Structures are given as structure tokens and as C-alpha cells.
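Across the two complexes that follow, chain A remains constant while its partner is chain B and subsequently chain C.
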Partner chain A sequence: MNQYIFHPFVLPFVLGMAFVLTYCLVGLFRIIGQLPKDDRKKFWRSLVTPKTAWANIRDLFGDCLFHVKIWKRNPILGYMHSAIAFGWFMIIVIGHVMLFTLKPLQDVDVHGFARTFTNFYYPIFYKHFAEETPVFAFLMDFFLIVIITGIFIAVVKKIYSGVVGVKRVTKFGFADNMIRFALWTIFPFRLIAEKTNIMAFWWLYSIDLMIFMCMLPFTRYMHIPTEALFILLKHAGLKPREPRKGYALAQIYSCPSCGLCIDACPMSVNDKNSGNTSAYFMKKLRNADDAEAKRIAETCMQCGKCVAVCPVSIESCDIKMSQREATPYIINSDHSYLENVESSSSVNSTVLYFAGCMTQLTPKIMRSMKKIMEAAGENYEFLDKDGGICCGRPMMLSGKKSEAQAMIDKNTELIKKSGAKKLVLSCPICYKVFKEEYKLEGIEIQHHTQYINELIKNGKLKVSKGDVNYVYHDPCELGRAFGVYDEPREVLENVGNLRKAKSEKELSICCGGSLGSFNLTQQERDEITANSVDDLMYNHPDEIVTACPLCLKTFSKKSPVQVKDISEIVSEKI
Partner chain B sequence: MDFGFCLSPSSHVKMDSIDLTTFNRLKETNPDVNTCIACGSCTSTCTAGNFTEMSFRRLLLMLQRGKEDEAKKMIQRCMLCGKCTLVCPRGINIRKILLDITR
Partner chain C sequence: MKENILIIGGGAAGMEAATQLKKLGLNPIIVEKSERLGGHIAQWDRLFPAFHPAKDVVEQMLNNVKDVDARLNTEVTDIQRDNNGFHAVLSNKETIDAKAVILATGFDLFKAERKQEYGYGIYNNVITSLELEKFFKEGKDPRINNPKKIGFVHCVGARDVKVGNTYCSKVCCTTALKQACEMKEVFPDAEVYTFYMDLRMFGPGYEDLYLKTQKDFDVKCIRGRVCEVSEDMDGRLVIKAEDTLFGKPLRMTLDLLVLMCSMEKAKSIDKIQQKLGIANNSDGFMQNKDMYLGMNDSKQDGVFVAGTCTAPKSLPDTIGEARSVAVEVFNYINNK
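Entry: the complex of A and B
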């Protein structure tokens, strides 16, 4: 072989690269093969549908290349990640572009396979073989320096993560630590090799690349190739059906274990519980540690904050739900007694109010709603004034989706029989399941915050403005799940002054009472509640307002100020 | 000893011969069952109890007395709504206990 195109030190890199490409290709077929048939069809169709195709392109560039979500989370973290990932990408691209300008490569007489093989490694090691034009030389050096600045921040972050606004980072095992060290050293070695042309450094550089490539499939860096596939699958509108197959597997590999979810998770207020966060859950799934994955899935409160902060938008809550659904039960529920339940409410009302189980425990919400609806002159009826049937969401949260159906069917029947045009709910837990699982064609489903806001807006309800300072707590299943952030705030601004909490909207902290968790003890829940209350008290409000009976009950135990439901506040101001 | 009256034979619970496997297993995984004071808050708020004989307090008693079949039949009525857990003055994780009995 010609001395201008080949040297044995390129071989480790070639081996590593060949391995990682083969692995990814096999993985791709495996994941697509594991998708259920209808999901696969959906996936193919989404690739050619203009709307999803556009979303694919937008997110592939925005997330995989420019890392917009990390920049939004923290600019230093964004720079660190972009410097390394985007810088490396640019070096690869520019390397291939300038392949055609390199002398003497273009004059050497190699054809066919030999030429393809040369092009495979040449841009990585070109400096040893050829001279580039000044413009390319500058660009290559520039991006190499950018990468090294990124690595510098990464090293500082390793020593003190507070520099990028991160309190807790994921604890890694041997493989993850080793590949990280390989990644950190690749670029300094390249710089030294290029500037000095010492053979030892070319070898080190190439071997480093090989270590990185060979370890990539077994470490968190697998997120680099998998994220692209995950984005495509996500836009196809798939839901994980099994915790470790198909779409879920793509998500598991896409998790970069960055640990942003660790600080975000309400459970992390107790350091002992920070191991129950999504980053670790994904790791357990990946290592096929089913017992631990099951335990974490059942400890999670399903508040969805990890999904909201995730820079890759991994739907860990959905995967945890599929993990719960995979748990077998020996005794199955039997709700056949529901068939004979008769509605106690009369028909022919326009608005049907369903309080739900939790609101039955906080009757002041029911009383307030009654007062509001009467003041607004609404033709209303209570569906469950003497106790109703559970909406089915708690059953679904326990992984018993099919068994929730009996309740869903009966409630649907009762609601349809009433002939109402609008269904008002006080409990966000109910709201979620009514929105997602119930088939109530022609009936508008509203949470009471939306309903009250509508009544005030169209003038049916007259309220007076007081000078009490409120802070509003976003219930997880109303805010993060459905983006109902503005309606309750508009209502509160009509009756008093609204103060901001420290973490709001999609960053709001779960009250700790969530039905999602099986395992949390009362003491652990109390710690979460205390932390959430502290966060709400940040701007010293006079009262805490929430829109969920469960949050109301949970906060009332720990709050230094009065906690009220939004309907109570409004009914006081009529 | 004969007091001249006694329970009907079908209501007898012979504490020496009953099978307490479920209850003992439960005590291991959920030690808080021991702290129950049988106040009945769970029963009075029970959503399923509104329509059926479902009662967590009684369920626990059944298990303590080895009446597993009756307990298993009762637990099928549960809707897992979690109101019982919320009102329990002892902070017992009743919902978890109910789930653990069924698996």
C-alpha cells in the first residue's frame, strides 16, 4: 500500500467503526422487528406523512444536532454538550468534504473497494498523509479546539456538577466511566498527533477511538445513534407496550443517563430515594434487572416531571406503566356488581358534575361547586352526590388496564343516560382518564378550573376581587398531562393577587399524595409534601391554592398557611 | 368449659389449626399491618363498600383468622381508589397491602 494512504495505525479505528455500524444495524432491525404489526405500519406511514415527516426533520436537527432542549435547560450544559457533539459532527462532515481537495490523495491510483476503504478512515487521519488548504485547516483546528473546551467543562462538571446547575449526577459503573475517559482523551490525542506527527500519539488516538466505538453499544453513549430512531418512532405516535421490547427498547438505548431527572424528581428530596429516579430505572431495564425495574416502576408517583425535563423526551412514565402492566396478579378484580347500580341523579340537565372519590373526601369542594353553579344559574346535576363509582384511573395506575374497563363502561353508561352536554370534574385524576379512555362523543369534558374560568369570562359568574395573595399549585395530572396552566391562573387573578411559586407549571413539584406510587411510606410522602410546600411558599403568599382534592388534602397537613381549592376561593368571592 | 351457650360450629375459628400463610407473608412485606387499630375509617370511606360488603378492616380480620377464601372473594370488589389509604389515621399503606394480597 502507498505510504500516502495507509498506515497500520488506522486499523483499530476501522475495526471499532465496523463493529459499531454492524451492531447498530442489527439493533435497528431488532427494534423494528419487535414492534407489533399495527405499530410498524403506523411507523412506515409516519415517515411519508408530510406533517410527521416535517416534525421528524425539525427534531432530528433541533435535538440530535443542535441540542436545543439542553440549551434551554442550562446554557453552560448546552455549550458543553454541543461543543463535543456538534463539534465532532462538524469535524466528520468537513473531513469528508475536504477529501476531494486533499493532495496527494487524489493523484494516487487506487480504485474500487480500495478507494472506498480509504475514504472510510482517511478524514480521521488525513493530517498524517496529506496537506489541506488553509481554509479547511483553520476550520478543522477551530472545531477541534471547540471540542476540547467542551471536554474541559465536562471535566470541571465531573469535579463539581454545580457549575452547570446540577446538584446530583448519575452514578456510573466501570464501563460508563471508562468510555467517558476514552471520549475525553480522543481529542487531545488527535490534537497532539496532528501538531507533532509522533507515531505513538496516532496509535493512541486510533486505539482510543476503537475503545469508544467498541464500548458504545454497552454504555450510555448508545444514545447517540439511537436517539434518531427514537425521534422517528415517537412521531409515529407509538406507545410502549412491553417494558423491554420494541419502542421501549429504543427509549432505553436513547437514555443518555444525564441525570437531569434526578434533581427534578420529587422523590430526590430524600437522597435515599434518588436511586428511584428515571435515569436509574432506564439503567435497570437496560441491564435486564427486572426485580429492581419493577420496584422502581412501582415506587414512581407518575407525576411526569422527569419526562418534562428530559432533554431526549424519554417517556419513562409510559414505560413504567407498561412495566406495571406486565406484573401478573393471582386474584383478579370482579366488578360485576356494578351492572345493577342505578343512577341517583335525574336526567335533563345541561351540566353534569362528577366529584369523584377524592372530592367525596373534601366535601367543601362539592359545596363550593354547588354554590358556583347555582350563582351562575346553570342547569346542573350531581352524578355522584351519594357516592359514585371510581373513574378507573387508580386501577389503571396499578397496571390493571383491562379491569378498569368495568368502571369505565358503567360510568359512561350513567353519563350518557343523563343527557348532559357538559361534564365537569373536580379531580385531575378523573380528568385524565375521562379525557384519555372514555368515549363520550358529544359531551364536553372540563375540569372545574376551566369551567369556572369560562363562567367568569362569559359573564355568567360575577366575582369580586380581594387583596389576598395566592400561590397556585399545578396538579400533575392537570398541568403536565394536559397543559391546563392558564385557566386557573386567570381565575385567581380575577379574585385576588397571584404570586409565583419557585417551580411552576411543567416544573411544579408533586404534592406527594399521588396514587401513582405503591411503595412510598407515609414518612417519605411527608418529606415530599414539605419540600413542595417550601417551594410554593417561596414568595410568601397568604394562601396556597390548588385544583386537586388530593393535593388539597395532602398539603393541608404540612402547610403553614391555609390551603384551599380554587372553587372555594371563587365561591367566597361571589 | 361449658357456659351453656356457644357459637354455631360454622363460625368456629380454631386458632391452632388455621392457615396464616397469607397474613404472615403480608406482615413480612408490609409490617404496618400490625399498627392497625381497626378504627374503620377505611371501611366508612370505601367506594366499593358503597355497593358491596367490601371492608378493609374486616378483610384484615379475615386474614388474621385464616379465612382466606372469604378474604379473596371480598378483595375482588376493591376499586383501588386509595381513599382508605388517605384517611387512615395510622398512615398504613392500605392500597399497597391490597395489591400485595392479590399477587
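Entry: the complex of A and C
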């Protein structure tokens, strides 16, 4: 081989790069191989469907390179990420452009395998072998400096994370700390090597790259290559089926352990519970610590806030659910009673109201809904006046899909038999399962916040405006799960003044009463509730309004002001 | 020596402590937020287990404290430690300097509205144990209209994780049985049911009351919690419960439902408690030094606790604690 374009210092890099490429390729095949057949089909199809293909391109650039989501959250954090990611990407791209344009390499008489081999490392070390044109020189230097500014911020962030608005960060082990150090030093070494051409720095630069590449698969930085695959799988519309296989595995490796979910998680109000957050859950899964992963999956309240703040949009709640589905909990359920349940509703109503178990325990809501529907002159019927069948969500939360299905099927039968065109629910817990699992073609499913808002908007319901100051709490299963944020607020603005909570909408804090958790103690729940109430009381409202019977019950324990359901407020104003 | 002892709360504990302190030669000063002394017990008609008129006990206690300096309609708004003990500012702008403070602030009755599934404040015929006691005392309540079927629900706001109170409220079991008998006395034709988790008949004569309730008064005690209450077309109450001895769910129509509300630590003292540095236990009641030999001591020097502010207690328990706190305070002053 021509000495002109080879030097032994390229070998560590070549070794590292070959390793990481092989690893990623094997991983790619493994993940795709683990997908269930129908999922795999969906995946291939999504790659050629114009709509999803466009979404893929948009997100690959937007999320992987420019980190748009992080920019929105905190510009400094955003700059740090895109400086390093986009800067590095550009250096690689420009390096390869030069491969085909720079004179010295073109002139060298190397062919076949040797040529491919040369091409492999040349863009990384080109400066040692050739003199580039001023334009390229400027571009390369520019992006290198950009990367180094990003790394500078990273170092500052390591010392004081408050600078980017982050209180708590994930605690890392030796490997993660070591690779971070390697990453920080790669580019300064390159800069020095390029400017001075001192051999030692070329070696350091190459060895640093090797350390980074070789450690990558075993550390959080694996999220860099995996996120691209995750984006493609996500756009194919897949759902994780098993906690550590296929799509879930892609998500596990895509988690950058950034820890944004730690501050967000309502459980973190007690510092000792911050280990139950999604960042650690993903870590446990990745390290195959099944016992801990199972415990965290069972502790989680399924409020979805970690998913809402996740810069990578990891669907940790779904993975936790798949973990629960994989656990054979023993539940002695007997659904034989279902056969004898008869519908109490007639066939002539257009609106069917399903209170659900929780609303049966908060009869004020049922009363208010009755009053509202009568005042609006609606042709309505109660589906579960004399007690009904559970919607199935608690069973779903225990990972028992087939048991839930028995109830879902019976309810579906009763609802279809009623002939109603619209199903109104008072409980967001029911709403979620009705929206996601029930097949009720031709029947519109509404939560009462949406329904009441519609009644007011189309003039069927006349309400008077008072001067009470309300704050609205977004129930997790209505807000984050379905984005029902505006309807309840519009309703409240019709009957009084709306004050803002400190954290609203997708950042709303779970009330602490969630059915989702199996093993949070009452005291831990109370801490969460107290924190959530404090957040709601931020602007000193006269009353707290919610739209979930469970939130209502939970807040009533800790709130210094009255807590009411939105239907109660409206029925007072008719 | 006529040292001032500030007693916050003029209920059974406050009055009895004041009586004893006076006898021990100290100068107790009661600060009571309501317009009268006597506390919750003064609202009661008769006492368990022997149906003894509450009035007799209360009148005797009031008689004992007639020479005690008692400030009614007054609250302590601020309290600070100084070289001589405590300096308290009252809501009427007066100040009191005292060597020691006794917190005898008692309890709040659990707000039955919080257990919405029982329908208090929603359905007309759901009342609380206190309201029933008022009915016995005054003889009238528009909601009690010759009921034919009456139910009592035990443990409302007690031993209930969902409302956040995991403790037993101690006196409601016996009170429920006493009130059930009394209802039978007033309405001999009515059927009376009580829904209990288990009956905690811990005191002398209590178990006898339980037997009497069933044998002489024909009250039916059902082991199981009521889960839901609704109203039928005629405005009668429909309850759903479970009879855990039979292992069967049951549904029943009632004319009156009485909720045996639990005790919670009185909230009005929170601010002063914080100023004095007295923490709460996880059940929300005040922390004492220890539950055996230091039950009347708090963790703060010169601050003492007595009565239901530290845990639910019966009247005899409370009186016993009030007497012991007086001795504790007496020793504290003498050893200074």
C-alpha cells in the first residue's frame, strides 16, 4: 500500500468502526427478526408509503440531527445537542465529499479492496494526508468549532445541570462516564492534531474514536444509531408486545438516559422514589435486571408524563404495560355473571350515558349530568343505572387483556343494542379503554367535558357566568392520553374565571390516586397529591375543578379549597 | 407559686386538666375558640355503654372549672418562647405569659361529604352520628320521619385507605350500637341494621352492650362494608353492601342511613402547632414523646399534650390523660 495515504494510527479507528458497524447490523437484523410477522409487514409497508416515508425523513433530520424537541424545551440544551450531532454529521459528509474531489487521493494508484479500505478512514484523517481547498478548510474548521462549543456546554452542564433547567440527572456507572470522557476529548484532539500535525495527537484522536466506538453498544450512546431505527418503527404504527424484544428493544436502546423524565415524574417528589422513573426502568431492562424492571413497571402510575417530556418520545408506559402482560399475575376472575346482565336502557335514546364504577361512587357527578342533559332537552338513557359492568381498564392495567375482553365484549353488546348514536362517559379511565379497545362503529364516544362543551356551543345548554376563580386539573387519561385540553377550559370560561396552574396540560401532575400503580404506599401517594395540589393552587383559585371522579376523590383529601367535577360546576350555573 | 399554665382547648381534656392544675396550686388559663366550654361531649345526649346522660358529666366538669380563667371565643394567634416560658398572643389582642402549654385541642369530626359514595349532602336521608345525637337531645330533625328501616355505617373515614385514614377511630363501634338501641327505643317498629368491619368492644361493659343490642333490641349486625348508596324513585335509599359472613353481596332499601364519622386531628391548631414545633404522626394526629411513659410530653420542652389531639380516645381515656398531664406539668414546674 502507498505510504502516502496510510499510517498505522488509523488502525484503532478502523477497528472500532468495523466493530460498531457489525454490532449495529447484527442488532438491526435481530430487532427486525423479533418483530411479530404482522408488525414486520407493517414496517416494510411503512417504508414505501409516501406519508410515513415523509414523516421518517422529517423526523430523522428533525430529531436525530437538529433535536427540535430539545430546542423547544431549552435552547441551550438544544444547541448543545444539535451542535454535536449536526456538526459531527456535517464533518462526515464533507469528509466524504472531499474523498471524491481532493487531488492527492484521486492520483493514487490504489484499487479494489485497498481502495475501499482507504476510503473507510480517509475522511476522518484526511488532513494528515492531503491539503484541502480553502472552502473545505473553512467548512471543516467551522463545524469542528461548532462541535467543540457544544462539548463546552456539555462540560458546564455536567458541573451544574441547572444551567439548562434540569434539576436531577441520571446517575451513571463507570462505562457511561468513561465514554462521555472519550466523546468530550475526540474533537479537541482532532483540532490539535490537524493544526499541529503532531503524531501523538493523531494517535490520541484515533484511540479516542476507538474507545467511543467499542463502548458505544454498551452505553447510553447507543441511542445515537438506534434512534433512527426507532423513528422508522414508530412511524410504522407498532406497539411494543414484549418488554425486551423487537420494537421494545429498539426503544430501550434509543433511550439516551438524559433523565428529563426524572424531574417530570410525579413520584420524584420524594427523592427516594426518583429511581422508579422511566430512565431507570429502561436501564434495568437493558441490563436484563428483570426483577427490578418488573417492580418499576408495577410501581408506575401510568400517568404518561415521562412520555410527554421525552425528547426521543420513548413510549415507556406501553413498555411497562407489556412488562405487566408478560407477568403471569394470578387473578381469580369469574366472569360467569356477565351472561345474566341485561341492559336497562331502552332503544329510543340518542345519547347513552355510562357512569362507570368510579362515578357510581361520586353520585354528585351523576346527578349533575342528569340535570345537564335534562336542561339541554337531550333524549338520554343511563346504561348502568342499576349497576353496570366494569369498562375493563383495571384489568388491562393488570396486564390481563383477555379477562378485560370479556367485559369489553359484553359492554359492546349492551351499547350496540341500545341503538344510541352517542356514548357519554364521565370517567377518563373508562374513556381511555373505550377509545382504544372498544369497536363501536357509528357511535361517537365523548367524555362529558367534550359533551358539555358541545351542548353549550350549539346553544342547547344555557349557562350563567359567575365570578368564581377556577383552576382546571387535566386528568392524565383525558389530557395526555387524548389531548382533551381545550374543551374543559372553554366550558369553565363560560361559567367563571379560569386561573392557570403552574404545570398545565401535558405537564399536568398526576393526582396520585391513579389505578396504575400496584405498590405505591398511601403515604407516597399522599406526597404526590400534596405536590399536585400545591401546583394547582399556584394562582390562588377559589375552587379546583377536575373531570375525573378519581382525581376528585384524591384531591378532596388534601385540598385547602373545594374540589368539584366540571359537571357539578356547570349544573350549578344552569 | 401561682404559675400560669396555658391550656388550648376547653373540651373534656382541657377542663379536666384545668381542674386538677388548680387543685395542685397552679393557675390554668383555658383558651377556647367556641362560645362555650365542654367541647364535643357537650353536644352528646347519652354516653355508652350504660346510656348515662352526658349532661351529668359535662355539668360536673363545668362546675369544677367555674373559678378557672377561661377565655371564650378566643384563639391563640401567635406563640413564642421567651426566658420565662411562653408568650402567647390571643385573637382579642390580649397576651398571656405562661410557664407551660397544654395542647388539648381535640378532634374534628370527619367530613362525611368526603365519602361521596355514602351520599351525605346529596341524599336527604343520610345523616351523621353527631346529627343523630342532636336528634336524641332535641327530639327533632326534619330528615328523621318515622323511618321503618334504618342503617348504621361503621368506620366512615376510619380504617379506610381511600380517604387516607388508616387508623381505627376507637369509639364509633360502641357509639353505633348505643345509637342503634336508642333508635329502637324511639321507633320500636323500625328494623335497624349496622354494617361493621369488626366490632371493637374494648371497654368494660361494652361487650355486654353488644349482646344487649342483639338480644334486647333486635338490632341486626351485618359484617361487611357498605360500598354505594343511591336513591330510588320514591327518594328512599338503596344501599349496596356485602355480607362477608355469608359471602354474598346484598342490596337493601332504607329510610335512614347514619354515618359513624371518625375523628381527625383538629385542623385549627395547625399554625400554632407548627410554631411550637410539634410534628404529626403519619395518621395526622400530634406526635407525643413516646406512647408509654411520655404520652403527655411532646418533643418540645414545656409543651404538653392531652386528649384526642394525639389519637382517637373515649371520654374515660381522655379524662385519665387530662389528670396525668396535670401531674406532668406540676412536676415540670417544680423541677424548673
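As a convention for this text, the second predicted complex is superposed on the first by the 563 of 574 C-alpha atoms of A that agree within 3 Å, B and C clash if a C-alpha of one lies under 4 Å from a C-alpha of the other, contacts with A are read in each partner's own complex, and residues count from 1 in each chain.
Quick note on the criterion: a residue touches a chain if its C-beta (ideal position, glycine included) is under 8 Å from a C-beta of that chain, and two chains touch if they have at least 3 such contacts.
Since we're looking at a predicted model, the values are computed, not measured.
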{"item": "Combined model on chain A where chain B meets chain C, clash or fit", "value": "clash"}
{"item": "Chain A: partner with more touched residues, chain B or chain C", "value": "B"}
{"item": "Contacts of A:242 with chain B and chain C, given as first, second, both or neither", "value": "neither"}
{"item": "Which superposed partner A:522 touches (first chain B, second chain C, both, neither)", "value": "both"}
{"item": "First (chain B), second (chain C), both or neither touched by A:390", "value": "first"}
{"item": "Contacts of A:557 with chain B and chain C, given as first, second, both or neither", "value": "second"}
{"item": "First (chain B), second (chain C), both or neither touched by A:363", "value": "second"}
{"item": "First, second, both or neither for A:490, with chain B first and chain C second", "value": "neither"}
{"item": "Chain B versus chain C as contact partner of A:141, first or second or both or neither", "value": "neither"}
{"item": "Partner chain(s) touched by A:454 [first = chain B, second = chain C, both, neither]", "value": "neither"}
{"item": "Superposed model, chain C segment overlapping chain B, candidates 183-191, 219-227, 309-317 or 327-335", "value": "219-227"}
{"item": "Set of chain A residues, in rising order, touched by both chain B and chain C", "value": "360-361, 387, 522-523, 553"}
{"item": "Complex interface listing, chain C residues touching chain A", "value": "114, 116-117, 119, 122-123, 161-164, 166, 227-230, 240, 282"}
{"item": "Complex contacts: residues of chain B adjacent to chain A", "value": "32, 45, 47-48, 50-52, 72, 75-83, 86-87, 91, 93, 95-96, 99, 101-103"}
{"item": "In the complex, chain A residues that touch chain B", "value": "327-335, 337-338, 341, 357-358, 360-361, 386-390, 394-395, 397-398, 400, 407, 513, 515, 518-523, 550, 553"}
{"item": "Residue ranges of chain A in contact with chain C within the complex", "value": "360-364, 367, 387, 522-523, 526, 552-553, 556-557"}
